[in-house]
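Look at the two complexes coming up: subunit A is in both, with subunit B in one and subunit C in the other.
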Partner chain A sequence: HLTTSLPLPSERDHLRPRIDLIVFMIDIKSKYSLKNVEASLAHVDASFFLGKVCFLVTGVGRVNYCSVEMNAICKLGEVYCSPVLFCELELEGIRNATAQRLLRMLQICAGHIPGVSALSFGTLMRNSADE
Partner chain B sequence: SGGRPGVPMESADGAARTLPSVGRLSRGPPFGRAQGWLGLSHGGQLLSPPTPHSQENADPQRTAFLLRKQWTLYSVTPLYRFYNTHLRDYARLLSAFIAAEKQKGLAVEVGVELDIKVAVSSIPGLKGSDRDPAAILVQLSLRSASSPKNAEEKLVWSGCFCCVFGDHLSENVPEDFTCLPLFLVNGPESYTSIVGTWFQKTFDCCFRRLAISPLNLSWMAAMWTGCKVDKTTSAVELIFSVPCLPYPLDISYAIHPEDAKALWDTVQKTPGEITQEEVDIFMDCLYSHFHRHFKIHLSATKLVKVSTAVASAHCDGIIKFLQSKYLTGLLMLLTELAISQIQ
Partner chain C sequence: MDETVAEYIRRTVLKIPRDEIKAMLQKWGFLSQAQLETVNFHQIKENISQDVVQLCEENSADIKQAAVLDIIYNHIYPNKRIWSVYQMNRRGEETEVFDLTDFKKKFKRRLQSALKNVTINFREYEDNAIWIRIAWGTPYTKPNQYKASYAVYHSQTPYVFISASVLKSNLPLLCQALVVAANYHDIREMELRSHSLNSLKDIVFKRYSQSFQSYYPRPLQERNVAPETEDLRIVQENRSEKERIQRLNWEAFGDGPQPKLEFAQYKLETMFKSDPKMDVLDKKEPFRCLVKFSSPHLLESLKSLAPAGTADAPLSPLLTCIPQKARNYFKIREKRGLLPGSFVSP
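This part shows the complex of A and B:
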């Protein structure tokens, strides 16, 4: 399900399936997208931050179009204990690879991979990012 | 404030296509130099530039040529075996190279036979610390070949290599190299191309257009707004390019300089020091004000140009210096940007 901001409209709550993973997309070329994500985070239930949230930063291929400070995004990842992924949507290879990664994460978060929980996977991703 | 469609800006494809490395080393600041302002790391701070070594000796006449002209910026990798003592020889060699290119039919002036005179000089006062090499100025003038004696020479192209507080580049480079990472050009692109080719061939260096990101432009906006100017006649103007439209649209946002300075003064906590947070607050205030009036989120657009009484800068790497007082500080920042693009 794709949306431009949270919270989701309450009228359709009863029709909505369970949400396994929330990917917040931040466009590095738009400060507005960061502000939007920050505002939307406030509407997310705390239980999601146990491995069911990740940040996807797009537009990283063009460093010179940067309107958002990288540090601010990484700090966001730290504060919300969620991994930060980087991607360049304009490059097909990276786009596909990122999509596959997200799909894998989704499978874990939905509980389809036995032996790996969303929380343990999230911790694994964060620890490897720190190194 | 105002909004009007502007002319579309050409974009230089100097964009570096690399993924940012989050674990980037922060350069140790001998004078507490800015790191964060390049969008690199750690809540950045900018302290006002340390007194240039020869502020007293720097002849303002010699650096006046930089003022009120539009300069296109390039980053240059270190020059191999470039010697300050051979400038006359370089002028001769470059002159011969240009003449040869003209012969080949890459004539830059069609019709009248015109001689191109090349002058290469050093500007010792144009530097930051003692460790910086002196700036090098290359000038091309046209002289009519018909009356060589009393012919008037017309300056048609200027290029200036300089380095202002570029320690962290030069300290990592072997001895045979001269570090002059910032190159400023004023004049036709055809001459830039010829001169650039000659330098690249002769000193094994590489030129790249220096692009300035919206993040860095907003730092400049905050910095320059805070500068004390004698007579503030010009507004602080920010130009934004709106993305994702089938036609080009630019939004121009002009703010009365005193209002802008008043706003900045309430945001800045320590004089002489600027943090990323302060720049963000300053810009957010401007964006909110605009949104209140026009219901447009400027934060979703791309900041492409900043103009103040101190200087103006465009994201394609075009700059104009308007105040000699802040020249060294500006060159220091641009040197930083150039070094960052090289590394």
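This part shows the complex of A and C:
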């Protein structure tokens, strides 16, 4: 399900399946994008932040056009205890690899991988990022 | 043949892209087909231009013929210059029948009586466009062929498109000659400038697809909003918002391609509005500021802002009014009256 901001329109509530993973996409070229994500975060139930939220930063290939500071993004990840992924959508290889990563995460969050829970995986990702 | 003419022809040929040189020389018609066949158009341009000059020497070209080649070049590549739009006004409603010979005679006479050293050339094209090339000199010097001005007059309209050279002092003379020759009363410069001559014509002759405010909202099926092969597994949660943006964008810009402009400039003479506690600009003087938007294709990029999520829809009418108002240079002053605001001066 794609949307530009939260909360989701309520008229479609009955049509929506269970949400297993929320990926917040931040375009590093647009401050507006970061503001929008920060505003939307306020509408997310706290239980999601146990491994079912992740931040995806796009546009990292174009260094000249960065509008959003890396510090701000890393802080966001820390404050909301969620992993931050980086990708460049314009390159097919990176796009596919990122899609596969997200798909893997989704499988874990949906409980399809026995023995690994969303929370444990999230902790694993955060710990490895800190090193 | 005069050396200056030879050099001028040589430099003009060098400007032309190599693959176009033969076609342009054929259009020029000064060299015979037999003569053109003797030139190898696959060698480097330096050599081509030398060969062409040699042939022109055989035919004793003078500056008038060289100027025609220059007009042809500028007619095919007008986008290398910046064009301004001028509008002429008549007193009353007399519609004069346009006589080309009369126009040319009056124009030449007017210019030459004021300035002896000018080179004037005319060339008519389809769609009633008359291209006028003027090379300016002074009472003591010959005309500078490299800094010529161009005026494109559409005889069935009051509009002239002028690409003045750097010598701006000759502009009033040119305007006067146009007014006299075309039997008008006066001429004014519109606040509309661009590199793309055709786009300026589109705006002024209203040839672009305009949006019309309709009272009945168009049903969604009518518009061919091309949906890329929709993957049914992707659900757009904010479809209605997307459609609202599309509709507002369509109302502002219409369906078709936009005329090509490179700039929009807004000169602000409005008061700075800030938190009264901040104590900034206490004197309440207008805060003078110049805002300039530039883009390879300004109107298309403005059209894509809202759908791309980079701006809220609807866009400011100051941006969307550009083609309708036929201007891209604005002065914005404070609105005098009870309500604070701003208005666009004519």
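One rule holds in what follows: the second predicted complex is superposed on the first by the 131 of 131 C-alpha atoms of A that agree within 3 Å, B and C clash if a C-alpha of one lies under 4 Å from a C-alpha of the other, contacts with A are read in each partner's own complex, and residues count from 1 in each chain.
Going forward, a contact is a pair of C-beta atoms (placed from the backbone, for glycine too) under 8 Å apart; a residue touches a chain by one contact, two chains touch by 3 or more.
Worth saying up front: this structure is predicted, and the values here are computed from it rather than measured.
Asker: According to the stated criteria, A:R12 is in contact with first (subunit B), second (subunit C), both, or neither; which is it?
Answerer: The answer is second: A:R12 touches subunit C but not subunit B.
Asker: So in the superposed three-chain picture, is A:T4 touching just subunit B, just subunit C, both, or none of them (first/second/both/neither)?
Answerer: In the superposed model, A:T4 contacts subunit C only, not subunit B.
Asker: Is A:Y32 in contact with subunit B, with subunit C, with both, or with neither (first, second, both, neither)?
Answerer: A:Y32 contacts both subunit B and subunit C.
Asker: Would you sort A:S128 into first (subunit B), second (subunit C), both or neither based on which partner it touches?
Answerer: It touches nothing on subunit B or subunit C.
Asker: In the superposed arrangement, which partner chain does A:S47 touch: subunit B (first), subunit C (second), both, or neither?
Answerer: Neither subunit B nor subunit C is touched by A:S47.
Asker: Which partner reaches more residues of subunit A, subunit B or subunit C?
Answerer: B
Asker: Both subunit B and subunit C contact which residues of subunit A?
Answerer: Looking at subunit A, the two contact sets intersect at 30, 32-33.
Asker: Which positions of subunit C touch subunit A when the two form their complex?
Answerer: 234-238, 240-241, 309-310
Asker: Residue numbers of subunit B touching subunit A in their complex, please.
Answerer: That would be residues 14-20, 22, 36, 39-44, 211-215, 218, 243, 276, 280, 283, 287, 297, 299-303, 315 of subunit B.
Asker: In the complex, go through subunit A and note every residue touching subunit B.
Answerer: Residues 29-33, 35, 60-72, 74, 86, 88, 129 of subunit A touch subunit B in their complex.
Asker: Subunit C touches which residues of subunit A in the complex?
Answerer: 1-5, 8-9, 12, 30, 32-33
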